[in-house]
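In the two complexes below, chain A is the common chain; its partner is chain B in one and chain C in the other.
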Partner chain A sequence: MRCLADSKPQSSASTSHIPLAQRDQWSDVKPIAQDDGPNPVVPIMYSEEYRDAMDYFRAVAASEERSERALDLTETIIRMNPAHYTVWQYRMATLLALKKDLEEELQLMNEFAIQNLKSYQVWHHRLLLLTHISPEDPQFEIEYIHQSLLPDPKNYHTWAYLHWLYSHFYTLDRISDKQWADELRWCEEMLRVDGRNNSAWGWRWYLRVARPGADTGKDALKIELEYALRAVHHIPHNVSAWNYLRGLLRHFKLPLSPLLPAILPYTARPSTQLPGVPDDFDFPLPTSPLPKDTPLPIPLALEYLAEVLLEENQASEAGQVFGELSTDYDRMRAGYWEFRRRECVEE
Partner chain B sequence: MQGHAQQQTFKRNGHINYFLRCLRALPTAAQSSDSNRITAAFFCISALDLIGVLELKTTAEQRAGWIEWIWSLQALSNNQRPKIAAFIQLEYLYKSNGLIVVHHQNDATSPAHIPSTYTALLTLAILRAPLDKLNIPGLTSFLKSCQAKDGSFSPTPGDDHVYPNEGFQSDVRMVYCASVISHIIRDFSGMNVNATERFLERCKTWEGGYASRPGVIEAQGGTTYCSLATLSIFDRLQNSSTSSNMTLRWLVARQIGGFQGRPGKLEDVCYSFWCGGAISLLDHGALINKRADRSFLLSAQFPIGGFGKEPEDYPDPFHSYLALAALSLTHSADDDVGLGLKPLDVRWNVSVETAEWLRAEIARIK
Partner chain C sequence: MFTLTPSIYQLPSAPLPSNSVPTDTLTEQAETESLISDLFSRLPLPTSAVDSTTTLRKGEHTQFLASTFFKLPGKFVSLDASRPWLVFWTVHSLDILGVALDQGTKDRVVSTVLRFLSPNGGFGGGPANSQLPHLLPTYASVCSLAITGGPSDNGGWKQLAEARQEIYDFFMSCKRPDGGFVVCKDGEVDVRGTYCLLVVATLLDLLTPELLYNVDHFLAACQTYEGGFACSAFPFTLPSSESPGASENLFTRASMAEAHGGYTSCSLNSYFLLTAIPIPNFPAPIDAGAALRWSVLQQGEAIEGGGFRGRTNKLVDGCYSWWVGGGIPVCEELVRRERERRRKESGKTGSKIEIIESENEAEEEEWEDVSVPPLFNRVALQEFTLIAAQQEAGSTGGLRDKPGKRPDGYHTCNTLSGLSIAQHSVHHSTQQIAQNRKSFDPSRGLTAIKPKSESGGWRSEEERQNVRGEVWANVLGWIEEEGGELIVGGKENRVNTTTPVFNILGLRLKPFVNYFYCQE
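This part shows the complex of A and B:
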């Protein structure tokens, strides 16, 4: 396996491909050709190397051969087609049957993951490996995943895997308090680098709200609200930060109105209409002046204002704000805002 | 972009030729679709159905051949109890003594596959194949063998040791396909519906959309469509109106011309269907900005037919079909620009005509 892992990249391999039939190692196997019948639909123009390997794979699978050469063959195929779930499945069964060193397999997967970040099968295979290896401390794997997020910080599979990693090893009681704290710091760094990374916001939600053992007491919640507000003040058009704020309020069934003073400046209402900031208001307020390049009003702030007005039973005023969103400030969603406006008028 | 896109006309003939070409052969670059060929076939055949030219542009003989090809993929496992029937991948089909046989794997490597079964059923219906040969008890046994304790489904039947049903791939996409299969055959005995509904409830995120699996950190357009379509099939969609309002809010916010799959991501043709379809499932299809969506979709047409993921991209059957499905959603009731697409059954993702035929056909054979 080692020599295969070091083999040349696919492009050069295909030109120097030696058919399996000409290799002594395979002389005892009779390949089974794919039979598409007389009326194939969407036939694929396979490369010679792929067709050859699949013909032998069919033969190997038919006899349920569990061997080193079968492992090599599965590796050859998944290098050409990383989405081939049957081949992956066969590989896993063979690894277990031969009692192979799964850490060595994990090394191979480190290389695979970089090339195939979007393949479900690569991540599923990795998850099964980690489940079988079941390390006492998954720190090395956490670090590997952090690394692999650097080139593609919004990769859905990688984040889903990181979530699995923490929840799986938490149920085994192998995530320390320090690891949770370090993870939160790492997540904050991700958000500092790119405050609009929605995946990192989701990860923060897991770490601070959703994970088993998260502290969701009053003080912790206040810290979260402040964090979200500061993010809004830092990048006022940041959808993810607004959604996080709204998500917190909804999840903890809190009213929107107490935070309105921190949001009003973004609605660009004439100052005569703005109520003052109450003396006891102790949440972060927008910077003054606002960050450069902040076109006002911000539709998300107008939406927030309208929701506050609805909360305070001022439906017709809310309808007016929704109407402005529809006609002036968020034309892309004109139909949606008009629908919200009509709901207010009809109630 | 608006100005650029306004010049775009719908390349109807180009698309017809694109799908006909794909049905004849896919390039080597499509090798990674090898294990999902029946699904690629579904995209092409359903596209010709939506455009309304399937019978005009293909011969009865071709269609009969395709039907035969799909039936050859219906696996009937002999070494499993109860017997499982579902549609499999091609590599297990081979010739032995001049007869085509299906090789039966043991549980650990069973190739029957949920998405392939879903697309095989729909493709047979589009081709108007009599379904007498359909093994309904086998299908429900198959689904049972894929359902995990948490209510989700794995793509292939699992086992306790090598490939458990719980796992990375057991997500709302598989739940959707399993639910549509049950819905089509009008038999939900292959799935624990309550467990699946609880699973979906746990997939809901802080943003109001649905993630691929419970606890996964962010919602996505495709997984939100799969979740809502499943709840709609279960007839449990309107139960929680506050919650579906938040979902609607999240979905309409994804429109930035075409649709993005998540906040902060670029437009992608397929999300016009996933997000637009999800909005339609909530009965709010009229809230989609139809013109902006159409402009983006038409700008992603490849000069000689088919749609890429975004403008300037090469076409593939997946994006090409979903672009047509999205255009059908917004343009079949009020076709102000004359696209001439058939109306779409948004839950099954096939033409309404075909869905109606399929319902009648299942009633006939049951």
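This part shows the complex of A and C:
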């Protein structure tokens, strides 16, 4: 594993306000002003430092200068505006042209993260760096991403980057079986800590279903359905768990009805209407009693029931359940459930 | 009486049940619930009386928008690469509010935006001598020109028409073999780029087979198990260069994160634009029913004010009024088409729908399906907007994520756009499209785009004209249902009607697209 701690920290950009024109280093460059035209709308009252840096950046970019001072200039600008995609692009091209040590650049990106300089571009720059560094083993980066998700466990950019990291290095055949297994354990730990974290559920889907090489054989699928059901039983009002369960059934084109005995208790139908649990039913059942603060019925359980009824060609019964969702149990979505009800009646 | 769009004030204010499992998500949810429900309990029912707390404070919002239009303080430097968005958020918000700009200001907008146009095609986030062209500011710039410009010499449309080929070449330079687009040179690939590109290519008559190649597969792969869409999809196997035509289905792809409101909006709208293009077996299907279900599930409960959240188990935020709410009319139309197709396949003629034999032969009288109820709670979303998303009366004006957050242009624009969707009932009308088709004049048009590769264009002029006609007819297919208005808080709260998919007013869209298709 590469040890990033050993690499020398990049000196931070100059924060002095000496105009570039007064620095010997820049005496050969003629700055170029921003071409806004007369009387523009949405003009920004730039700081002197930003305007000055951009004036020189335009000149540098116009002559396609690839130099250390150009790199310094891009860093200065990015620190003031981390969303400046043009400057990021120029920086990366310059790093490559100068054959700079990209691990040092990665270190700088870590520093940016600590200083909360966030943008689409910071993440994309990181992605390009890892692509070029192309480590034989990306473990250090995996660990870095895991660390950065701890204080910010739903950061969309970070999760998308983690998806990319595994996907990219998988295509290079650099993710070991152990890494896949460790990653699944890490993901399960995230879900153990907060079973409502939908980002972590999405990651589980990738690891267990979507990635090439995921085991989606019969046994693995049963394990997955059990995992989802247990999550529903643990937090019965958790939409993430319901969606994951439904997603599995839909993706693998499985009928909903076999799992109904594990769902029915949440529908609060009178027990006289409920079929008993079949003897050979071997999926997890709800806890008894249910967790405290679990008001019934749960709308998503009623939806599940209605779709089982549809599956069994009992459209009018299904319509009735959708109707109850509309009139009583999920009034916020009354229109949608009414739409589902009419579909049952009209088709 | 039983209503399909109950008010927040008619619904029980119940928190998300804890199931005795407290987690960080639950804590954050509970904080937001109390923040919003406190506000609702302090304010009167919006429909009961007209006062400053329950009206849409148009004057204040106009002031807010104006305050950042002619001069922005230095802290806005973080948006220095998003200046076309600053323009779009302002001019579109004012359009929705019904505030007219004087000609002098419009001229200033046009001349500012034209500075963002790169000689190599595409608009940058700032002047072309400072910033590279980028797909997102290209959308924002083109829509801003549609709103404030015109066909006169300095109106911007002529300059845009002259730049069509360069814009197309820029688009092709962003294209990747898997059907995704980088947002700029060496930039990231995600569906925001796809959406911004497709809107502009549609409006400016730039569509070609080579531009569209694999875009549908890319989009379909972004749909997640939840039904909403993720930012991007990863291609695990690359297409072979020898037989690109046969390769498109050989991709193994995976969506790159969880479903998200912003990306779902971009994906649904992109997919919808593709459905107008008459190519056999195109676009590769998505699951519109699942997208609709995901979308309606994002609407928050009464205790959260009925706003939309952007992801499962996240918090409501005013900006998703557009990103999620604005996708619902699109889902509705896609689901309607699926139902129609199913009925056609099963050979049944529905009692309310007469089947059209071919999309191009809509001569037969067709009945609009009138039995679709409102698919989301239009009343609650308006209440969220008025009570939770508006900055407190007598303050700066503007709309915001949620109480306690500062208003900004982005939230003002997207919250107002969603409010417009909630107030108006807009449908993509097969009758209107059929009528448009009849009036399309293929003899009129701008210069055909020159494709990048020799085989990249339409196979014949006839095919190209057929595509142009269909695309143009579909762009102008959105109509407002008469009597479908539903306005909370009194008539003064009415805002103008934005067009789904594009998010500019219909009265802006029509002359603009007609200009580039040379139609009337």
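Criterion: the second predicted complex is superposed on the first by the 324 of 347 C-alpha atoms of A that agree within 3 Å, B and C clash if a C-alpha of one lies under 4 Å from a C-alpha of the other, contacts with A are read in each partner's own complex, and residues count from 1 in each chain.
Following the convention adopted for this analysis, a contact is a pair of C-beta atoms (placed from the backbone, for glycine too) under 8 Å apart; a residue touches a chain by one contact, two chains touch by 3 or more.
Given the structure is predicted, the values throughout are model-derived calculations rather than measurements.
Asks: Since both structures carry chain A, what do chain B and chain C do when superposed there: clash or fit?
Replies: Here the two partners, once superposed via chain A, clash with each other.
Asks: Taking the superposition as given, does A:Ile44 touch the first partner, chain B, the second, chain C, both, or neither?
Replies: So A:Ile44 meets both chain B and chain C here.
Asks: Once the structures are superposed on A, label A:Asn81 by its partner contacts, choosing first (chain B), second (chain C), both or neither.
Replies: Both partners.
Asks: According to the stated criteria, A:Asp35 is in contact with first (chain B), second (chain C), both, or neither; which is it?
Replies: A:Asp35 contacts both chain B and chain C.
Asks: Pick one for A:Leu96: touches chain B only (first), chain C only (second), both, or neither.
Replies: Only chain B is touched by A:Leu96; chain C is not.
Asks: Just checking: does A:Pro236 make contact with chain B only, chain C only, both, or neither of them? Give me first, second, both or neither.
Replies: So A:Pro236 only meets chain C here.
Asks: A:Val193 in the overlay: touching chain B, chain C, both, or neither? Say first, second, both or neither.
Replies: second
Asks: On chain A, which partner's contacts cover more residues, chain B's or chain C's?
Replies: Between chain B and chain C, the winner on chain A residue contacts is C.
Asks: What is the contact status of A:Tyr170 with respect to chain B (first) and chain C (second): first, second, both, or neither?
Replies: A:Tyr170 contacts chain C only, not chain B.
Asks: Taking the superposition on A as described, I'd like to know which of chain B and chain C A:Glu64 touches: first, second, both or neither.
Replies: First partner only, chain B.
Asks: After superposing on chain A, which stretch of chain C overlaps chain B: 25-33, 241-249 or 295-303?
Replies: Superposition on chain A puts chain B right on top of 295-303.
Asks: Using the superposition on A, tell me which residues of chain A are in contact with chain B and, in the other complex, with chain C.
Replies: On chain A, the residues that contact chain B in one structure and chain C in the other are 32, 34-47, 50, 54, 57-58, 80-86, 89, 92-93, 120, 123-124, 127-128, 154, 156, 159-160, 163-164, 167, 196-199, 201-202, 205-206, 209-210, 239-240, 243-244, 247-248, 250-251, 332-336, 339.
Asks: Using the touch definition up top, name the residues of chain C that touch chain A in the complex.
Replies: Against chain A, chain C makes touches at 2-6, 10-11, 14, 16-21, 23-26, 68-74, 76-83, 86-87, 90, 105, 108-109, 111-112, 114-115, 124-132, 134, 183-188, 224-227, 230-232, 234, 236, 252, 254-260, 290, 292-294, 296-297, 299-302, 306, 311-314, 339, 342-343, 350-352, 371-377, 380.
Asks: Under the stated contact criterion, what part of chain A meets chain C in this complex?
Replies: The contact residues of chain A facing chain C are 32, 34-47, 50, 54, 57-58, 80-86, 89, 92-93, 120, 123-124, 127-128, 153-154, 156, 159-160, 163-164, 167-168, 170-171, 193-199, 201-202, 205-206, 209-212, 234-240, 243-244, 246-248, 250-251, 291-295, 326-327, 331-336, 338-339, 342-343, 346-347.
Asks: Can you tell me which positions in chain A touch chain B when the two form their complex?
Replies: Residue positions touching the partner: 32-47, 50, 54, 57-58, 61-62, 64, 80-86, 89-90, 92-93, 96, 120-121, 123-124, 127-128, 154, 156, 159-161, 163-164, 167, 196-199, 201-203, 205-206, 209-210, 239-240, 243-244, 247-248, 250-251, 332-336, 339.
Asks: Along chain B, where are the residues that touch chain A in the complex?
Replies: Listed in rising order, the residues of chain B that touch chain A are 22-28, 30-38, 40-41, 44-45, 62, 64-66, 68-70, 72, 89-95, 100, 103, 105-106, 108-109, 111, 113, 155-156, 161-163, 167-169, 205-208, 211-213, 215-218, 220, 246, 248, 250, 252-253, 255-257, 262-265, 284, 286-289, 292, 317.
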